[in-house]
Structures are given as C-alpha cells and as structure tokens.
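In what comes next, chain A is part of two complexes: it sits with chain B in the first one and with chain C in the second one.
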Partner chain A sequence: MTDLLEARDICFAYPSVRVLKDVSMTVRANECHVIIGPNGAGKTTLFKVLSGETLPQSGTVRYSGEDVTRLDAWKRVHRGIGRTFQVARLFSEQTVLNNVILALECRENIKGTSLGRWWRLNPARELVDEAMSRLAEYGLDRRAQDSAKNLSHGDKKRLELLLTLSLHPKLIMLDEPTAGMAPDDRRAVVAMVNRLREEEGLTLLLTEHDMEVVFGLATRLTVLSQGKVIASGEPEEVRRDPVVHEIYFGKGRHHA
Partner chain B sequence: MLADLLLIAMNGLVWGMAVFLVASGLTLIFGILHILNFSHGGFVMIGAYLAFTLMNMLAGSVGIVAFILIAFACAAAVGLMGFVVDRVVFERLKRVDDSYSLIATYAVLLLCEGFVKTAWGPNFQSVYPPSGLEGAVFLGNLFMPSYALFVIGAGVIVFLVLDFWLHRTPSGKIMKSVAVDPWMASLLGINVNAIFTVAVVGGFVLAGLAGGLLAPNQSLSPMMGGVYIIQAFGVIIVGGIGNVRGAFIAAILLGLIDAFGTVYVPQFPGIFFYVAVAVIILFRPQGLLSGIH
Partner chain C sequence: MPQQQMNPRGRDVTPILLGIALTVFATLPFWAGKGLVFLAGIVLLQMVFALAFNLMFGLTGLVSFGQAAFFAAGAYASGWLARMLPDLPFFLTIAFGGAVGAVLSAIIGLVALRRASGIYFAILTLALGQLVYTLIGKTTALGREDGLIGIARPVLDFGVFEINLAAGDNYYFLILTASVVLSAILWWVWHGNLGRILAAIRQEPERVRFLGIDVRRYREYAFIISGTVTALAGALVAPWSQIITPMLAHWSYSALPILFCLLGGRSRFWGPAVGAIVFAGLEHATRTMVGVAELVVGGALLIVVLAMPGGILGTLSALGGRYFGTKREAGHD
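So, the complex of A and B:
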C-alpha cells in the first residue's frame, strides 16, 4: 500500500503549552486510520495541522508525495482532502437543500465544469436533482426545505458528511464522528465508514473516543498522549502494547 | 395637504436612496470582511470628483446615457483603487483587532481628502444635472425635479440587483457562505481570499458608482467624504451592519423621519436623523435585520 498522507516531526505550541511534540504518522491509501488518546492529547490540533487550519512551528505534511505543509486549506480540498468537525459545521441559516447544492457547485467548480461557473444565475437543474437524490440516500430528503439549524444532532452530522463527500475526496478526516450519538447511530456510522472504505475506496483518518467504534472500523491505530505518538500499528498489536495498556486501557476506563 | 405630505415623503425618499447608494458598498464590505471601512466616504467623494472632471470634459452637453456611462467609468476607476487598497491595507487587517481597522481606514480617508485637495483644489465645485434631468416633472399634482426621481430609481435598481445577486445566484450564495463561515467555505474548496478581494472591489465599485450618480446632487468639497460616511454609518447601523436589505429599509425610514422632522420642527434641521438612529439602536442594538442578507 502507498502512503497517501504523511506527517513528519510535527511540532505545534501555543505560547504557554506545547501541544504536539515531534509527531510523525503515515496514512496509507485505503486504510481506516484511527487516532486515539485522552482528551488534550493533541488529536484535534493534529487535525488542524493536517487540514491546513494552522501552521505547525516545524515539521512537514506531505500528501501524495507533495509537500503541503504551507498549502492553503482550500487548495488541499482541491487535491482531495475532506474533513468534518466534532460539532457539525454547516451553513445553518440556509436550507438543507441549499447546503447540498452549494457543496455540489463547489465540486463542479473544482472539476472546472460549466455547472460550477460563478456567473450562473441559477443553480443547474441537474445539481438540484442530484442534491435531492443524495439527500434521499441519507434519509434527509423530507427535511430538504428546513433550515439546517433545525436538524437533530445526528442529522447535522449526517448532512456534514454528505457535504464533505459531495466533493469526492480521496482522503476524509472525521473528527469524532460518533460524538454525542446514540448506540444505534454509532453502529450506523461504523457501517457507513466501512462501506466507504471497502466499496468506494476512500482513505479515512478519524479521531474517536468510543472503543467499540474504534475496533469496529480501524485498520490501523495511532495513540497520542500528551502530544506524543506512543504507539502505532494494527489494532490488536496496539491493544497489547504494554505502554498503551498502562496509560490508556489500564485505568479500567472503557471510554477514555 | 396630501400633496404636501407626498412631497415631503418624496424628499425623504430621495435623501434615503442617495444615502443607500453610499451605504450599500459599506455594508457589503462589512458583511463579508467584518471591516468597517471608514474611507468609504472618501472614495464616494473621489467618484464624484471624477464625474465632475469627466462631465466638464464633455463641456455642458451631457445627456442621460453619457451621464450613466460616466458613473460606470467612475465605478470602474474607484473599483481599481479598491483592488489596490485591498492589497495594501485590508489584506493586513484580517487577523488584527477591529480598532486597527478603524485607524487604518480612517488614515485612508485622510489620504483621499488630501488627494482631492491636491488634484481638484480646496474650493467648492458644482456639477449640473445632465440635460434631460435638469427639469422637473408633474406626478399628478406633485412637482418633482427629474434628477430626484432619477436618484430614487438608481437606489432601487442598485438594491434590486444586489439583493437578487446575494439571494438568487450561486456566486451570491458563495459570497454569503464566506461571510458566515470562511473556514467552512474553504473546506468546500472555495478560495476565500479571492472572495474577500471580490467583495472589497465590489464595495468600492458601489462607492464610485454612488459618487458618479450623486455628483449633481450637491456641491463638491474635500469634506464631503466625512459627511457621507456619518450618514451611511447611521443607515447601516440601524439596518443591521452587513445587511443590504436592512440598509435599504433603514435608508427609507431615516429619510422619511428626517424629512418630516425638518418640515415640522424647522428650528432643528437634520437633527431627527441622529435622534432616530439613537432611539432605534436603543431598542434594537443589533439593527432592524441582522446577518448578511
């Protein structure tokens, strides 16, 4: 398998605290790589560095062999990196349908087709139809005309994922995709992530707290603790790692 | 009696639409970049002086079409200045505290005033309405200067075009998305910095257009930038900063209040605008409408 995303010796510090200390990790094509670690371990900061929201003080990020450390976030999106947030991020004043249409127009814009041209006066009919059928796939079609802010927590996360996937990313980064979800919804997320990887060939990078979810979908695990990578490898291998066991599983907490 | 009331209302509308023409670009830039552009009035002034020069070059024979073309030329020229100001000034203001933006854009206003004094001199200048608009028309038994009706029409058209663009077109929606959440927009692959530049240039184009269209409305002086900016600020604060629809409604409302106030309490001309602004923001500090619309 080839390396799709590679972080090498990433350091990031706020004025008073070092958040990431020489973090190196590799995401291979078509794997589901899960980053686990206690709260405050630096998972979200690492996500910010990888997606272009913040610049690391040192270290490099490479994507498909290209150095993207200083590349603007929107350019990384054009190269095929998508991401979602712990708290779903949507255009909440807009309708659900308009959110999806906007994402589809952005996809057409990235592809450079005439459907995404900025001087159009109306969204193209085929994009509206595509948006409706995508919403139907996600069980959101009956909410199409509702304002996105009125959706339930789970529906917001589903819509956010739909928006990100609309851009046809190669690598998708999900920050705690099951946070705040009921067990049934969590299982649905696991099933969907596995389907994306196996059927659509996507590469996934996640952070996740729920161990049932982690072991339900991870093909590789990286453990972060206090800004350092303390273990990385196959899920079973990591589970048996004595250091990880001590600081992570050893305290008898199932949900760290 | 009714005719009097209508005449006062029409005067209020003319004032309101003139101020809306100025305020539209100001509120657009604030709505998208969250920068309060103090220099906006200065660029309206430059637009007006450019129109003055261009109309003088045509030496008295300016028809309506030529007048409108001149206003568009002023809009284009000021838009170009906007591009430069964006690169040199606004680009640096995105990551700093708001107070820096006020100081920086106020400095640009001073530069505008200095530029106007140098290029056109400190004296008052005046521009006559183009031929075809210098007369007056009867609407029923209302006697209205045609240029006043032209200003009302121009304000309404600019509002309708902006409103249609922001609400109906894909590019307007992208503009709004960037205004609401630039980070989310960039994760959809939108080049947010380019959108910011488009917004600034758009705001300056509106300033230049307002200057060109309103040049015949008053005597031009190097101080007019400051006068415009105060009235435009009042309108966009009452309308809800960043909100084009709000600015349109507020401009009409404040125009009517000021016109009726000046007629019924002639001892205090022009004070009712400020009183109304103060009272409205006392009860609705967020403005009549909020968010970018």
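So, the complex of A and C:
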C-alpha cells in the first residue's frame, strides 16, 4: 500500500501553549486510520494542520507525494482532501436540501462546468435531483425542507459528511464523527465508514473516543498524548502496548 | 418546485411595495415640484449606493466603512473626464467612473480583505476611505476642498435621434432607468449562484473553504461588484447635483448606507432601498423643524433597531406573510 498522506516532524504551538511536538504519521491509501488520545492531546490541531486550516511552525505535510505544507486549504480540497469538524459546520439558516445543493454547486464550480456559473439564478435541475437522491441515500430526505439548525446532533454530523462527500474526495478526515450520538447512530456510522472504504475505495482518517467504534472500523491506530505520538500500528498491536495501556486505557475503558 | 424553495419569495409584501415605489418615482415629475424631483433623483442614487453596499454587509457579512470613497471616486472620475474631454460620449464618462471604482475597490479589497475578521475590515476600509477623502481634497485637478462645479448634463446622441439631458426632466428619467438597471444587476448577483456562495461565506466561511472555494477571492469579487456599482451611482450624481465636493468621500457619508440597511433590513435585498426612502421621507418631513429633525430621524432609527431586528421590510414581510397565511423564512434573499 502506498502512502497517501504523510506528516513529518510537525510542530505547532498557540502563542501560549505547544500543542504538537514532532508529530510524524502516515495514512496509506484505502486504510481507515484512527487517531485516539485524551482530550487536549492535539488531535483536532493535527487535523487543522493536515487540512490546511492552520500552518505548522515546522515540519512537512505531503499528499500523494506532493509537498502541501503551505498549500491553501481550498486547494487541498481540489486535490481530494475533505474534512468535517468536531462541531459540525453547516449553513444553519438554510434548509437541509439547500445545504447539499450548495455543496454540489461548489463542486461544479471547481470543475468549471456550466452548472456552477455565477450568473445561474436557480440551481440546475440536475443538481437539485442529485441532492435529493443523496439525501435519500443518507436517510435525510424527510428532513430536506427543514432548517439545518433544527437537525439532531447526529443528523448534523451526517449532513456535514454528506456535504464533504459531495465533492468526491479521495481522503476524508472526520473529527469525532460519533461524538454525542446514540449507540444505534454510532453503529450506523461504523457501517457507513466501512462501506465507504470497502466499496468506494476511500481513505479515512478519524479521531474517535468510543472504543467500540474505534475497533469496529480502524485498520490502523495512532495514539496521541500531550502532542506526541506514543504508539502507532495495527489496532490489536496498539491495544497490547504497555505504554498506551498505562496512559490511555489505564484510566478505564469509559474514558471519553 | 424545489427551485422556488431555493429563493422562497413566497407571498410577501415586497413586490407590492416595489410596484408602488416604481409608480411614484416614474410619475413624480408630472405632479411634484422641482425640489422634490431633485430629491428623488438623489434618493434613487443613494438607494443604489445602499443596495451595492449591502452586497458586502447583508450578504457577505462584512462591514465596509469606506464605501463613500467609491461613490466619490465615480463622481470625480466622470466629472473630471467630462471637463477634460467635453465631446466624449456621455456613457463613456459614466463608464470611466465605474472603471475607476472597479480598480480602486480591487486595490482596497486586496489590502482590507487580508483581515476579513469583522472589526479589522471595518477599520481598514475606514482608513483607506479617509485616505481617498484626503487625496481628493488636496488634488488641484479635482478642485481641492472646493470640489468640481458646473458639471454639464450633455446631449445623448443616438444617431437617428438625440436626447438633451439638460432639458426638462430628461436627466431624472435617465437616473431612474439607470437605477433600475443597476438594481437589477445587483438583484441577480444576490439571488444567483454567486449570491448563494456569498451568503454561505457569511454563515460559515470555514465550511465553504472546505468545499473547495477560495473564500478571499469571492469576498474580493463581492467587494469589486459593490464598489463598481457604487461608483456608477456616484458618476450619475455629478451631472445631477452639478457640484461635487470631497464630502462625498467623507466617512460620515459612508455611514449613510449602513443606516439605510439597518432601517430597512439588511437580510433582504430591497431592505436598504426601503431604508433610503424612509430616511429621505423623514428628513424631508422634518426639514423646517430646526433642531427637531435630527431628533426625529435618530429616534426613528432607534425604534427600528431596537424593536424590529429585521428592519422595516423584514417586519412588514413577516406581517404580510401572516396576513396572507404563508410562512416566510428569513433566508438569504
């Protein structure tokens, strides 16, 4: 398997606190790589650096062999990286349907087709239909006309994932996709992520707290603690690692 | 059906108000006095000014505090060119005003949009606007503090026929036509694909960025469209008022469209137009009450801002929607 995304010696600090200390990790094509670690370990910050939301003070990020360390986030999106946020970011004043249509219009805009031209008054019929069928696929079609802000927490996460997937990314980064979800919804996310990886060939990078979810979908695990990678490898291998056990599992399985 | 849902225009009062306003403006010269017609011409151009400003404020979510610089740039550029080359076709002098506005807004946008977070953008545009104000006041070719006077209303030559803009109410009707056309362009931008993306940027810029959109470039587009249309309105005002002074670029003039937007409602396209008309109406009605005028205008603004968060148009539409039994969501339209 080839490396799709590679972070090397990433250091990142906010003015008052060093968050990432020489973090190195790789994401191979078609794997589901899960980053675990206590709250405040720096997982979200690492996502920000990998996706281009912020720039690291030192270190490099390579995607498909290209150095993208200083590349604008939107250009990384064009190259096939998609991401969601720990707290879903949606166009909350708009309907669920309009959220999806907007994502599709952005996609057409990127592709430069006539469907995404700025002078288009109404979204193209094709895009509206596509949006509806996508919503149906994700079980959100009944909420199509509701305002996005009225969705449940789980549905918001699902809708944001749908928006991200609309752009047909190769790699998607999901920041705590099951946080705040009921157990049934969590299992649905596990099934969906596995389907995306196995059937659509996507590569996934996740952060996750729920151990049932983690071991339900991870093909590889990286453990982050206080801004450092303390272990990385096959899930079972990591689970047996005494250092990880001490720092992470040692505090009990109900860690969240 | 879903297309209507994209722009839920529903059955609100806006089309009715729009019809009334257009009728009044179009027939005004036939029943109103000269003073009122002159005021109406100014109000029309201030409406365009405010609608263009609101493309940044209400739609994209950025307060440009130096918008008057573009209005003044358009007025001065076309006024200056008309004096230098009196034989140049009128439309070219107006277009020149628009072009100068486009270039100026592109430059100011490049600087100010580096810090697109709320207050920085407001302060940067304010500072750059005041810079334009100072430059105009110190440029001899532009008449320094005295400004430019006696800007002619020329004759439009269409080959087979000509229209003398200096005669009768011809120039007023030119302003009316231009205001309709410029408003239509802004309406299109607001309600179309570009407007949808700009509204999305206002709501959740990071999400838009991660949908692959260069957010800064889109803000720059909005800023340039806004600045260009504002400059065109400014270019049209010069032959109407026949005198232009640096005060057109002063920051207090930049505050005007903000007032109109708050008064009329910034989340609807036509809100600022309602604000401009109401504001002018209040000023006109209280013009003889020395000392009381500001109090009335200020009081009215205070009431609207405190009691009607959606502005006059937002409140009217909500009431109208209730009356007609249609629910209307406050969307980006």
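Basically, the second predicted complex is superposed on the first by the 253 of 256 C-alpha atoms of A that agree within 3 Å, B and C clash if a C-alpha of one lies under 4 Å from a C-alpha of the other, contacts with A are read in each partner's own complex, and residues count from 1 in each chain.
As a working rule, a residue touches a chain if its C-beta (ideal position, glycine included) is under 8 Å from a C-beta of that chain, and two chains touch if they have at least 3 such contacts.
These numbers come from a predicted model, not from an experiment.
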item: Side-by-side fit of chain B and chain C on chain A, or clash; value: clash
item: First, second, both or neither for A:Q145, with chain B first and chain C second; value: second
item: First (chain B), second (chain C), both or neither touched by A:R8; value: neither
item: Partner chain(s) touched by A:R239 [first = chain B, second = chain C, both, neither]; value: neither
item: Partner chain in contact with A:E105 - chain B first, chain C second, else both or neither; value: both
item: Touched chain A residues, chain B compared with chain C; value: C
item: Partner chain in contact with A:L121 - chain B first, chain C second, else both or neither; value: both
item: Which superposed partner A:D72 touches (first chain B, second chain C, both, neither); value: both
item: First (chain B), second (chain C), both or neither touched by A:R187; value: neither
item: Footprint overlap on chain A, where chain B in one structure and chain C in the other make contact; value: 51, 53, 72-74, 77-78, 82-83, 89-91, 93-94, 98, 102-103, 105-107, 109-110, 116, 118-123, 163-164, 167
item: Interface residues, chain B side, partner chain A - complex; value: 168-171, 173-174, 177, 180-181, 183-184, 186-193, 291
item: Residue numbers on chain A that touch chain C, as the complex places them; value: 51, 53, 72-74, 77-78, 82-83, 85, 89-95, 97-98, 101-103, 105-107, 109-110, 116-123, 125, 128, 132, 145, 147, 160, 163-164, 166-167
item: Residues of chain C touching chain A in the complex; value: 2-3, 5-7, 188-189, 191-194, 196-197, 199-200, 203-204, 206-215, 221, 329-332
item: Residues of chain A touching chain B in the complex; value: 51, 53, 72-74, 77-78, 82-83, 89-91, 93-94, 98, 102-103, 105-107, 109-110, 116, 118-123, 163-164, 167
